[in-house]
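Naming follows writing order (A, B, C, D, E and F), and every chain is counted from residue 1.
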Amino acid sequence: MRPSGRELNEMRAVSIETGFTKHAEGSALIRMGDTHVLCTATIEDRVPPFIKGSGLGWVTAEYGMLPRATNTRMRREAASGKQGGRTVEIQRLIGRSLRAGVDRVALGERQITVDCDVLQADGGTRCASITGGWIALKLAVNKLMKAGDVISDPLTDPVAAISCGIYAGQPVLDLDYPEDSEAGVDGNFIMTGSKQLIEVQMSAEGSTYSRDQMNALLDLAEKGVSELVSAQKAATS
Amino acid sequence: MRPSGRELNEMRAVSIETGFTKHAEGSALIRMGDTHVLCTATIEDRVPPFIKGSGLGWVTAEYGMLPRATNTRMRREAASGKQGGRTVEIQRLIGRSLRAGVDRVALGERQITVDCDVLQADGGTRCASITGGWIALKLAVNKLMKAGDVISDPLTDPVAAISCGIYAGQPVLDLDYPEDSEAGVDGNFIMTGSKQLIEVQMSAEGSTYSRDQMNALLDLAEKGVSELVSAQKAATS
Amino acid sequence: MRPSGRELNEMRAVSIETGFTKHAEGSALIRMGDTHVLCTATIEDRVPPFIKGSGLGWVTAEYGMLPRATNTRMRREAASGKQGGRTVEIQRLIGRSLRAGVDRVALGERQITVDCDVLQADGGTRCASITGGWIALKLAVNKLMKAGDVISDPLTDPVAAISCGIYAGQPVLDLDYPEDSEAGVDGNFIMTGSKQLIEVQMSAEGSTYSRDQMNALLDLAEKGVSELVSAQKAATS
Amino acid sequence: MRPSGRELNEMRAVSIETGFTKHAEGSALIRMGDTHVLCTATIEDRVPPFIKGSGLGWVTAEYGMLPRATNTRMRREAASGKQGGRTVEIQRLIGRSLRAGVDRVALGERQITVDCDVLQADGGTRCASITGGWIALKLAVNKLMKAGDVISDPLTDPVAAISCGIYAGQPVLDLDYPEDSEAGVDGNFIMTGSKQLIEVQMSAEGSTYSRDQMNALLDLAEKGVSELVSAQKAATS
Amino acid sequence: MRPSGRELNEMRAVSIETGFTKHAEGSALIRMGDTHVLCTATIEDRVPPFIKGSGLGWVTAEYGMLPRATNTRMRREAASGKQGGRTVEIQRLIGRSLRAGVDRVALGERQITVDCDVLQADGGTRCASITGGWIALKLAVNKLMKAGDVISDPLTDPVAAISCGIYAGQPVLDLDYPEDSEAGVDGNFIMTGSKQLIEVQMSAEGSTYSRDQMNALLDLAEKGVSELVSAQKAATS
Amino acid sequence: MRPSGRELNEMRAVSIETGFTKHAEGSALIRMGDTHVLCTATIEDRVPPFIKGSGLGWVTAEYGMLPRATNTRMRREAASGKQGGRTVEIQRLIGRSLRAGVDRVALGERQITVDCDVLQADGGTRCASITGGWIALKLAVNKLMKAGDVISDPLTDPVAAISCGIYAGQPVLDLDYPEDSEAGVDGNFIMTGSKQLIEVQMSAEGSTYSRDQMNALLDLAEKGVSELVSAQKAATS
């Protein structure tokens, strides 16, 4: 029934290539099917003004898409002079989600910026960015711990994200672009490795939904996140 | 236990003043406690390029806050040269939510722009904007129907929104600013008059949450929305 | 002869609602007929760099219009990415006019920002902004004096503004929009309570004018300002 | 008494060099003492959308200052990404003033853009721009008439502008920068060759002013404009 | 003598991975040592206004760098609201260089946009962009020819680019970042497969240079380009 | 053969008017035929952050064109909200070229900004800007030396620039606009008074070029620069 032939509760193949670029303190190219996102983590000693002197760390994120990551070319945001509403919304979500999994006292007064740049898009880029971004973040933190700059691990529980939706009347896991563009309901679920929720965003796209449908998607999401967390652990240990 | 002395499941007083400004096809000043939002609806014959000639209508929204709507003055967005990320995110949510309650075939090929301007803020401005924005939209549509430009009502089921959160460990309905700034979990629930869900956004702010907690907030939200829908019906009939 | 049926030297009804919003140190909603402007005054301890350390205070103003304050919707300036030329010109005039009535030594090294936001427009918004802005400013200063932060009143003489013009060949007081859009000459007169002039701006709009006509408008303006000053005093004492 | 040693009612030396640049349909370098403004007029067949098909012409103006036209270098507006409030205000004034002297029916459906670029500034740049801008405009119109594109002269009465102010308690004509920066009252007077008024802008800068003082400045302005108009006629005939 | 241990006339290892992304009509990841650039070519039927109806084709380019492509993170241009001077200069050079190798009549009235995005930088990114960009362009043109949309090959002679410079007093081929940041003279040489010159840019960076030195660099460049052209041919045939 | 009737190796008439504006520390109006550029040099005590405390000086440049410097009016960059790619590229070239001729130790920790504003354009504006910019720079440095603020001359060898190109198949010196718009190859050559090269930029515009052709243009450029350097010396001594 699904365009890709996948089962309703089947995620796309995940592959993670750490160290894809050499300058960043942490980097990973995450591929979820044909969605490819390059995530890098940059450590800086300065923090935003509002926490200066607090002893707390900060994690923030930026998101971008190469102009031809998509089926038709999109205008380059640097050329159009501003980040679009969708970009701003996504990068705020990534930052918020990653921060929810960080012990900011243990991190200490430093900032880590996670850049998520979509090289190729096929649906689910924001979820792939969170999942891959956590890996880049973890690799950067590992470097800090190895150097003795951070003593106690501020990232004890992974953060991962998956989309689910109602496609052709059925709850399905991990929408690709053909499904995403047709789905009646579309949700993003960000969770920890211990299945606590960090953020749920579930939008009607053409039809409203019931609490039962919401619960069905949450069940799928738990399955997906648990598989992603295994991949994250394998890539960072 | 709540700073305002309200019960856990008690919403703030709602008041709706329709026709607050005279030029717009629909207008309402909605007050939810000390949160006051002026909503106006503007009808235009043109539609966005991507639906031109489709026969479908469009509803979009813009959101703003007066510089001194808040406790300390915020920089005017027109002066700083762009809308902030929070503004962009909110106005996309308002537009998406209102559209979910519109029969775009019945509306016909025209656009209605709903402007939500916060005159005074005390938490929950995005929810008040959706609830009040629906009223302005309904009043504008009523005008179209009276004039015979629209035959069958494109707004059969109201759309309303309410925030809920975990405050001091307890699920509470309709957070005001003192609660919102302390809440561990914060959610916005957009529903129809018939209790179907349009959008759920639930974010961890400092602590993650369980599915049980999520369900407790959904229960509160249903109560709140049902009261708001009564107020909407009273104001627009 | 006038579209509104007013006498040539008759101003529109003025109403002033102080404390319209609660956060600002001073706030007033001024209504001159169907022109409604919300004015707020914000006190800050910092001053602009060019007077730092001088002991002098500063008063500045910003002006905005809600998108549907007018008969047809105007594009939101925050969305278009800059304030239009008209907006910039008006807010510079408001700031300059209010400053002319302030004893900046008595105010002390602090800044007061007066925001004038037009909720509904029917001509004369810049004049209403100055008249209402002075009220918000006065209320804020009263608060400073009550707290003992300012000893001698820096606002001893009110500042008010009124438009006059040549409409259908006759000098008329307080143009509303239907008159303003047809007037051959259009002037804004800012004065003190003691009838000293602060700013005169008189523009030919289609026909030039003589010194006699200029004097006729000044006579009308004196009458109008004197009525406005009474209303200002009533609202702030 | 004046820093320059001029009489109270004495204007600075005026010189006008027409044809200073070769590409523009009309061009003039106007020098009023040490204030030097290069004015060019460009004829285009298109008009702004709001008068398309009306048969009416349009005249508009832009104003700029070279970064080192002033005593200390100012940031280049093209580099800072926008025109400042002062620039916008001035160019709107120039355009409005020149238009007031144009018979737009006689001009026919075309647009003339007058660019006024200050090469060196010593006070009074907006007035010099209007006076010199009218010359560039006249030269461009002469070209149109010579070519038979315009039959009846749309510029029958010159437009000129001069500043006056209260300096050291005395009304003085044509403020230079040292006077302008100290003046208590500062006015710009735009008039026609037949002494009709086009625009009066008179601002208190530190002290308010009486109607008698206003009249004294108007008397000076009439004298100054009459001398400028003679110079304009000599340069364009 | 060179930090990398390379001979004076030795280029870095080149690798080219075509089809790196799937949506673009042509794509290639070019690696010159640690400089990695993802190049994509997008075919569109529209052309810029100035050649509309001419029957001629157009090739243009855009250039970007991921924020952490470099040793320290650079601000994202989309976030800072504009492309920096260096970016603008580089993308104009890429477009100009590629166009010089295109038979625009044979291409027909269509536009190809070549996006060059630096994933990792180690000197020579603009040259790698041109060399890799030509490959993406060629692959896209091949697709047009295969489909019969273009009959005669508009890309008969490859375009490639290499940097050379005076490093530690010696002419060297293909500067990497450690060399580039120390070089006294730095040049970029864009040539065709038949050794005709397209663009030479040679800048003194700390010391001026003689014509003899210029000629020495040109000799090196010819060697480098000839190796690059072989790689281009291998990748696109 | 040349539209102007000049010999192949004949430069346009050069005239230099120093002190054209009075505020700048150095100023010159350079005219190369009908290309007229006003150059000013501004001395400031601050330097860019990246050399603060180094004891080194800095020279930077900005470039602009008046809207009607050209045959048809170009949009004012300040109004369009950004400097175009061509402007950015040119001003970077001017700054780089002038810096190459400065002993930054001798200059001491101060910045000189050279503004080059084109009043009238007829080809070769960037070269005229460099040649004239060096004169303004020299005059400003002379002032510093006279005042004893700089002891040893940081500008011992002049910097000048000239364009050459292949026009109608022939190498020609100093292209004017009619030649520039038709030239198959176009180069800018920046040299010192002692014939050392600072920057060479040579672009194919329609046809590629050989090394022999490149050398022919370099020969012409040496002749042109030598004449310009004589004029520079005459103007600044």
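FYI, contacts are C-beta pairs under 8 Å (C-beta built on N, C-alpha and C of every residue); 3 or more make two chains touch, one makes a residue touch a chain.
Predicted model only: the values in this text are computed from it and were never measured.
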### Message
Touching both chain A and chain B, which chains are there?
### Response
none
### Query
Which chains does chain D share as contact partners with chain F?
none
### Task
Please indicate which chain is farthest from chain F, where distance is taken between mean Cα coordinates of the chains.
B
### Query
Which chain's C-alpha centroid is most distant from that of chain A?
D
### Task
Compare the contact pairs of A-B with those of each option in D-F, C-D or B-C, and report the one where over half match by residue number.
C-D
### Query
Distance from the CA centroid of chain A to that of chain C, rounded to the nearest Å?
51
### Query
If you average the CA atoms of chain A and of chain E, how far apart do the two points sit, in angstrom?
33
### Query
Which residues does chain A have that touch at least 2 chains other than itself?
81-82
### Task
Using the touch rule from the top, order the ring's chains starting at chain E and going via chain F.
E, F, D, C, B, A
### Task
Provide the residue numbers of chain A that touch chain E in the complex, in ascending order.
20-24, 27, 34, 36, 38, 40, 42, 44, 62, 64, 66-71, 73, 76-79, 81-83, 87, 113, 115, 117, 119-121
### Task
Sort out for me which residues of chain B touch chain A in the complex.
82, 85-86, 88-89, 91-92, 96, 100, 192, 196-204, 208-211, 214, 218
